[in-house]
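Per-chain numbering from 1; labels A, B and C assigned in written order.
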Amino acid sequence: MSALELRGISKSFRGLKAVTGASFEVTPGAIHGLIGPNGAGKTTIFNMVAGVYAPDEGEILFDGRPVHGLRPDQICAAGIGRTFQIVKPFAGLSVLDNVVVGALLREKRVSAAKTHAAQILERLGLAPKRDLPASSLTLPDRKRLEVARALATRPKLLLLDEVMAGLRPTECDQMVAVFRELNRAEGLTILLIEHVMRAVMALAQRIVVLNYGKIIARGAPDEVVRDPAVLECYLGEEAEV
Amino acid sequence: MPVEIYLNVAASGLLTGLVYGLMALGLSVIFGVVRVVNFAHGEMMTLAMFLALVLFNALGLDPLVTLVPIAGVLLVFGYLLQIGLINPFINRPEHSQFMLLVAVALILVNAQLIIFGPDAQGIRTRYSFDSFQLGPLIVDAAKVYAAGAALVVAAALFAFFRYTLLGKAIRACADNYHGALVVGLNVKRLYALTFGLGAACVGATGAMLMAVIDVTPAIGPAYTLLAFVIVITGGLGSMPGALLGGLLIGLTEALGGVLFTPSAKSMFAFGLLVLVLLFRPQGILGRKTG
Amino acid sequence: MIGRLTEGVPRRALALLAALFLLLLVFPAFASGYLLAVGFLILYFAFVGQAWNIMMGFAGQLSLGHSLYVGLGAYAAAALYVHFGVSPWIGLGASIGISMLAGAAIGFLAFRFGVAGVYFAILTIAFAEFARIGFDHFRWVQGSSGFFLPVANYTQNDLWNLRGSPRMFYYLMLALTAGAFVLCHALLRSRLGYYWLAIRESPEAAEALGVNLFRYKMAAVVISAAMTALAGVMFAFYYNNLFPEQIFHISRSIELILGPIIGGIGTLVGPIVGAFLLTGLAEGLREVMLRLGIDVPGVKQVFYGICLLLVVMFLPDGVWPPIAKKLGLRR
């Protein structure tokens, strides 16, 4: 059974079709990439999976259970965590407290949540900064915090929305390593939207390509990258990877 | 009760409503462009009313005449307020701005209390007791003149925004702050001018109302609330909406006062407000901001 | 439990708090009648400011109609006492219940229909105004003529019926304020507190982490309303007269938020510092004016307005945070 399955998902905004008839599956324990030009509808799909809005048509199944139309907090409780394209730290809280908010979903007591949060910060290399206000972090650290928070909710599926944007190549590689490790050690299923091809090629085992709201290609990274339809719309005819 | 009474009350309500509408228009312009919630709106109006009172008592000038210089004074006041206090606040969180104007309102209303005292004061013009008769309708002359003046000022404001270069520039700022900056518009000055214009509306309204009702400092906050109810009902940021809202509220209040007890009439305005906030927060003529 | 509450609090802060509490405890021993009344007022505003702070400072919901809960609380307990002889200790149950219902109604309407920010603030004002006008016509509690509690000459304090000397009221208010302080401290460290702060900082991010926004915003409104109702009960039994025009008036709502805003929204100590500063300075100003022979209504309010203006312009986080830094209580 797939971890996540989209069946015929469509969404329009005031007459503009953002996504039409999208269907794909994400296998448990796999890392899938969702790519496509700007405005292709990737974040719209994410937002539908994450419960920000309901699809106009189609179904979304998580572990076989329908989750389309649920509220974001219900989706999180079901086991889907997400990060935001534009990071949203709880600026007035400390780094640790940010993650505690996430951990409180699964821990009854604040003390247990703090312990769990501290462990996660350790994994993501943020432990030395745990007592600093979140507002004082650099962008790469904020991205890591965003991931840490989502991880604290013990998700089975993690949705990463352009988490590499704005990071330098070395920072990007560090993040890739973190995700690889999480995927390997805990079997965390990951679905990521990315423009940074370096990260997509390094992480994704399968890729889905979106253009103008429709899926135009899917498959293993090296297949997709050579698909003429994909090359034409997204990577440009002369592009090399 | 005979139908004539309801008709008269309704007519009276509509006329007063036009004046309210002008006041709300000022608020709408300020919010629509500068995005500031002017919590001191009613207090600025009572300021204008007191000015009209003083000019009448000292120089015997009719408020419908002094409304022009009073609007001018309020224009300057609004301009300076925006430039001095509010412009530095554009990037602060919403509730900071709000509190700023709450503070201004507090200072204004109590300064008026200190200077003029709490008692109601009014003026008697030569037409205070006149009335017009149109078939079954008997309407106060003062209200007719005030409503007429309100229409003229509103029309002038519409024309300004529609046809003048300055008006268009202001609308550009409202539509797109950064875009306006990029094309070289001095947005801060334009914001100040807009606040000034909104204040001028309120100033004109104050002068007009002085011909119709008595003033005490305490009615300031009540009118601020009324202005909000009107603007939200008609549509925040919509100029015709403000006038429509004014008419609606004027009518509701008047009829409510006659059908129930006069002192309960504001309850209807608030009831309407709650309904609008719940079911159509953009107001009757407003656009959904997305 | 005391250990858990004080865990993580800097020693210096605890020492200062203890010193302050002791000072307040012995204050009535050397205070004149007038100063005692001022002391009561300061504690009253500290308490009610703390209650408001829960909604705004913690959960980020701006209420400008909090006088609604003060009034409902006051009238409920007063009416039960005057009409049925019910002790206010029992009557406060009704006060809290009614205020919580009102808060729940406002919260439900607002949050279900997505009324937020400025619109929410205006909604709260509308409800308070509705109550003001409504109670003006409420015959059972004498409407606009005013509702009076019987004040007999007493030689002893009747704690059960809240009839007594100013000193009794002072200590009651001190207990309430101290209790509120401890409660808010505990709340901030609980799951409720964390979720509230998260909602305040970024509702979207909070939701994505599994926080049910509706439930927790409602909790903030209802808890705030309940606490404020208690202030209403104290108000009724201390002043012994209630007029809708006064108790539900928007200036009451604004008055009670001045303390937390000037002291520091979202901080525990802010409302207390704010109450001390504002009321203390205002009374000082009044003294000065009396000596000079000026007795004009409105001067105190202008003073409040100017304070508010200055704080909002130059110290947006309130007066307390910079002081806390200086005292070494914060990073």
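In this section, a contact is a pair of C-beta atoms (placed from the backbone, for glycine too) under 8 Å apart; a residue touches a chain by one contact, two chains touch by 3 or more.
Remember, predicted model here, so these are calculated numbers, not experimental data.
Peer 1: Which chains, taken as a pair, are joined by the highest number of C-beta contacts?
Peer 2: After tallying contacts for each pair, the winner is B-C.
Peer 1: Just to be sure I understand: the centre of a chain is the mean of its C-alpha atoms, right? Then which chain's centre is nearest the mean of all of them?
Peer 2: If one averages C-alpha positions chain by chain, the most central is C.
Peer 1: Comparing centres built from CA atoms, which chain ends up most distant from subunit B?
Peer 2: Result for max centroid distance from subunit B is chain A.
Peer 1: Could you please state the distance in Å, as a whole number, between where the Cα atoms of subunit B are centred and where those of subunit C are centred?
Peer 2: Subunit B and subunit C have C-alpha centres separated by 33 Å.
Peer 1: Whole-Å distance, subunit A centre to subunit C centre, using C-alpha means?
Peer 2: 44
Peer 1: For subunit A and subunit B, let me know how many angstrom lie between their CA-based centres, rounded off.
Peer 2: Here subunit A and subunit B have centroids separated by 50 Å.
Peer 1: Give the list of subunit C residues in touch with subunit A in this complex.
Peer 2: These residues of subunit C touch subunit A: 189-191, 194-195, 197-198, 200-202, 204-213, 266.
Peer 1: Which stretch or stretches of subunit C touch subunit B in the complex?
Peer 2: 56, 62, 109, 113-115, 117-119, 121-123, 125-127, 129-130, 133-134, 136-137, 250-251, 254, 261, 296-299, 301-302, 304-306, 308-309, 312-313, 316
Peer 1: Which bits of subunit A are touching subunit C when the two form their complex?
Peer 2: 50, 71-73, 76-77, 81-82, 84, 88-93, 97, 100-102, 104-105, 110, 113, 149-150, 152-153
Peer 1: Contact residues on subunit B for subunit C in the complex?
Peer 2: Subunit B reaches subunit C through residues 37, 85, 88, 92, 94-96, 98-100, 102-107, 109-111, 113-114, 118, 217, 221, 225, 228-229, 232, 261, 263-264, 266-267, 270-271, 273-274, 277-279, 281.
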